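Take a look at these structures.
Below are two complexes that have chain A in common, paired first with chain B and then with chain C.
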Partner chain A sequence: MAAAGASAVTVRALVPGADVALIERVLNVHDAPSSTTFVCVGDEISTEGQEGFLRGHGTQVVDGKLVATVCGVVERVNKLIYVKTLNSRYNAEQGDVVVGRVADLAGKAWRVDLKSRQEAKLLLSAVHLPGGIQRRRNAEDELNMRSFFREGELISAEVQSVHADGSVALHTRSAKYGKLVCGQLLEVPPNLIKRQKQHFHTLEALGVELIIGCNGLVWVAPLRPDRLAAANAAAGGGAGEEDEAAAAQPPPPPSRTQLEVVCRMANAIRVLTRLYMPVYPASIMATYEAAVEGEVALADMLEPGFLEAVVAQEAQRRSSAMQE
Partner chain B sequence: MRPIELELGVIAQAAGSARLHIGATDVIVGVKVEVASPSPFAPTQGRLGVTVEFSPCASPVYQGRFGETYGEQIAAAIEASLAPSSRSAGAGAAAGASTSGAATTTTGGGGGGGPSWGLDLGKLCISAGKTAWALYVDALVLNDDGNVVGAVSAATLAALVDTRIPKVEVTTDAAGEEEIELDDSPGAAWRLDVSRVPLVVTVAQVGSQCVVDLTAPEERCSSSALHVAVNRAGQVCGATSSGRAGVEASMLLAMTETAQRLAPGLWEQLMRFLQSPAR
Partner chain C sequence: MDVDKAGPGPGSARSRGRLPAQLRTLVCERAVLDRADGSAKWTQEGSSVLAAVYGPRQAKLQKEDAERAVVEVVFKPRAGLQGHEDRSLELDIRGILEGVIPLGMFPRTSVMVVLQVLQDDGAALSCALNAAAAALVDAGVPLNSMFSSVSCALTSDKRLVLDPDASEEQAAAARFCFTYPHHFDLTKPAPAGASAASAPAATDDAAAAPVVGDSVLGSRCVGAFSTDDLLDAAALCRRGCERVAAFARLSLAKSLQAAGGA
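Up next, the complex of A and B:
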């Protein structure tokens, strides 16, 4: 990833499972947890003491015994027994903010890839028209769909509804949703993203815009004046005249320092993904600040040295939280 | 460049093997040696065969047969960097454009005696014209996060360092037939001389910049790439180009110079690790 004029390359021994060993060592967690909680494929799930039970996802009855078909944690809810996996595809719920890529145009809708089991649909009638006019979409709008979003473009949207068969309908009925350009997209396991009140974060002090999609796609970009206006408009309710004017001008190209900040934020999120820690603004900012204070070079943020520092910080946070 | 993580001797049944990670790119190279008859065109030399395979789990792109053509191109580049005399050693550049859009040019003529770069296949001969060692290098790409060619090249070098070839004794029995005795004990094996083996460095063009060691998303943004084989002395031993657009003439020189600057340092670092007792 270095430009011409590269520095020395490091070559070191491959240690499989180094990340897990690091986490276990620093958090003082030892492996082989109680076998009643974690199961592997083919492990038997004890059903003693339960007369009738409903078998849920991840289980199967083999030779009269209940056996797990995936690796994960056994959850029991009333009479339902199921296995919850660590990594699963995103399951949409109404009101989720998601980041997706337009895969195709079909009829009066866009098909959007959310890295879920199915592609989601964004209907033409669910898109925010420029100028905020509310009118019926006619045939001309249908032919001009590509002027809104083309195939391959990244958009942010909200889940409008999830139908019984699992198909998802999206909408972008607000100025803060729409096309995303000039930034970095990161893929994070969706289990690490908690549903929160706010998924759009404009960090004005750093000049960074952060969108944490519930489907595991996280967007980091330099803050542009029109996006700031859109965020303010969405917060304040109703767009003002000067905001419209700001949106009309093309944004200036980002400076090198701004790009470095964006890169550092993206690396902070990558660090959290590697350590399988929840990704939300507080944890991202904590990792970012740890990198800045430790004066860690951008490329060194994914090295074991910094990973260890982050895990140590988390261990400290947990112990102080437990003491309270 | 991203840090390289290396492990030797991962395949117990192979003569030599190495597993290499560059970031998330993961390749395994195994070297197998076999007693075979030499090629009639080179009776005093051993054989060399390189294959590169893409596992379907490397990337959804490689499902089915798509990975085959790419694998063949990489194998051809690696084979050309290891054994110059196996190709027609023309002094000039012989450019042949294949249908898949890759052109191979071999620069730097092989001199008279031993080859000026690569492996000395003459050492693999057991009995001139009758038996020789055949070296098969098989690379398997387990995960593709960019810079696969560089990873395979570095892993091949590591696997060749790890390769142990048994000592052979040729005896003539009473009937005048030649018999070959293999000394199986691990201590009596010899290793290949890899001091002249070049490393392939991939330099790509993104916009108007030359970039090395691209990740998979970055590779999709690049328009063209040049894979340059450079030995430890910084001499260019071969070049292959790939990509949708061609390489501009002005960029060609800059790319080659970048590769020449990077390769010797990489070579030294790899050899230092491979020869240290820590591996």
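Up next, the complex of A and C:
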């Protein structure tokens, strides 16, 4: 870990468990209360009182009993029973918005790395063609695949389907999906990302575009006119003539203040990741505003001082929410 | 084989007065590495191994299997390059891991386990297997059962000693390393009529005794020994595995508590 000072670089040793110790110190909590819903590998999960149940991740049926295959907490949502671990790779579900990097091109499809168990496939027939027209893809389109996405480029897409062997098919059938340029990519544990109605957020007041991928990759970028047009088109339905014209022009380079705002948002997300708190727009904005109001310097946002302030603020928010 | 005789006598004196069937102090740290999916450092007093698990993730085309996951093991000695002994250990460890990971669940993926020996004072293979087990749990890789591993050595005067250190291993006529599956229930209190368990039933939280299976997951035996020695060593290691399993349970419960129900 390094923090840039005025002219020197400070290097601090990585202490595993330091963040947990920080949280315990601020909340004055030692030895958190034990919960009885932890399970370990091979433990039987009780399904009493439930006529039918859906078996989710981290479980398997052995001799008619539901048995856990990972160590973690049992979660029950309606009829779905699954085991949630602290650490896990992203498991794709249909309809998830994801951010991934193109790893390879192979015969009418791109292979996209989603930081999941397997690379996902984006078929040429599942890509949004400019102009929004639907037509058959011919041999010329196949030869020009690199003009759409090259190896190493970041794209946002939606999960079209997940097959039985775990392979994932993506699509970018909307103007809001596509290549991502000029911004910051952050890696967040996928367990911290909740599935919500909206994963694309254009914060016009701040001039920032935020894409929270369900696979744990979060994209923060200065808002550009063509992306704003795409967002409006997706929301309003149908691209207008002015939007097309705006998309055709090259966007102006971002100003220093815009870049600082983007960096501050990125640091806010890093703070939430360090404290293992869920990452969603409200929590990101709360952390961002806490940094702005506290006049915390950009480089000091990851220091223990600001982390403690965020922990205290979250504890207060939760206790007042519980009192209501 | 009266290995439970109290007090070290002449001829069987172990360093620091250890009993023949006494394990060394166990320490387990989880989530020590940042970039690995799962990691753990397992220490048995003088021996220490760091394990890192990467996966299940996309396998390379040459190595991928369309029907099951591929397990890759890298065993790095404390000093120097990998030798033939290390390659042989990699094969053994891979066989054991292929037995516990449900490979058919993740076709076309690979699970890579990297084991680095930090200190070697005997029983390095057992230490490595225990570290791998903790790292797999940390990574959230689904497993069919937990496993633990213990080494023992047959001394020149035909006595079995559990968890030998380096000097005992070198002086031994034969060395054994057995890996047994086990499971424990973190939700239930001590089950009635549990099989042979040496962990005392104390409070309701720590009362669930680990149950070690009868079948062996893997074994590695080096030296000259009779069939009776082999069976005695297997039974002794099974009892040692019960204690390792009890420790693993405590360590897991503690680390899950520390992270809280996040």
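Simple rule for what comes next: the second predicted complex is superposed on the first by the 257 of 324 C-alpha atoms of A that agree within 3 Å, B and C clash if a C-alpha of one lies under 4 Å from a C-alpha of the other, contacts with A are read in each partner's own complex, and residues count from 1 in each chain.
Please note the rule applied: a residue touches a chain if its C-beta (ideal position, glycine included) is under 8 Å from a C-beta of that chain, and two chains touch if they have at least 3 such contacts.
Because the structure is predicted, anything quoted here is derived from the model rather than measured.
Contact comparison for chain A: of chain B and chain C, C touches the greater number of residues.
By the touch criterion defined above, A:282 reaches neither chain B nor chain C.
When both complexes are overlaid on chain A, the residue A:303 reaches chain B alone and has no touch with chain C.
Of the two partner chains placed by superposition, only chain B is touched by A:12; chain C is not.
Touch criterion met: A:117 reaches chain C, while chain B stays clear of it. When the two complexes are overlaid on their common chain A, residue A:143 makes contact with neither chain B nor chain C.
In the superposition on chain A, A:77 contacts neither chain B nor chain C. Legend: residue contacts after superposition of the two complexes on their common chain; A:205 is shown touching neither chain B nor chain C.
When the shared chain is aligned, no partner comes close enough to touch A:321: not chain B, not chain C.
Counting contacts by the rule stated earlier, residues 14, 16 of chain A appear in both its interface with chain B and its interface with chain C.
The part of chain A that touches chain B in the complex is made up of residues 1-6, 8-16, 299, 303. By the touch rule above, chain B contacts chain A in their complex via residues 1-7, 19-21, 209-215, 218, 254, 258, 261-262, 265-266, 269-270, 272-273, 278-279. Within the complex formed with chain A, the residues of chain C that make contact are 29, 31-32, 34, 37-38, 55-58, 102, 106-109, 137-146, 183-187, 205, 249, 252-253, 256-262. Residue ranges of chain A in contact with chain C, taken from their complex: 14, 16-17, 20, 31-32, 34-44, 46, 58, 60, 69-73, 85-89, 113, 116-119, 165-167, 276.
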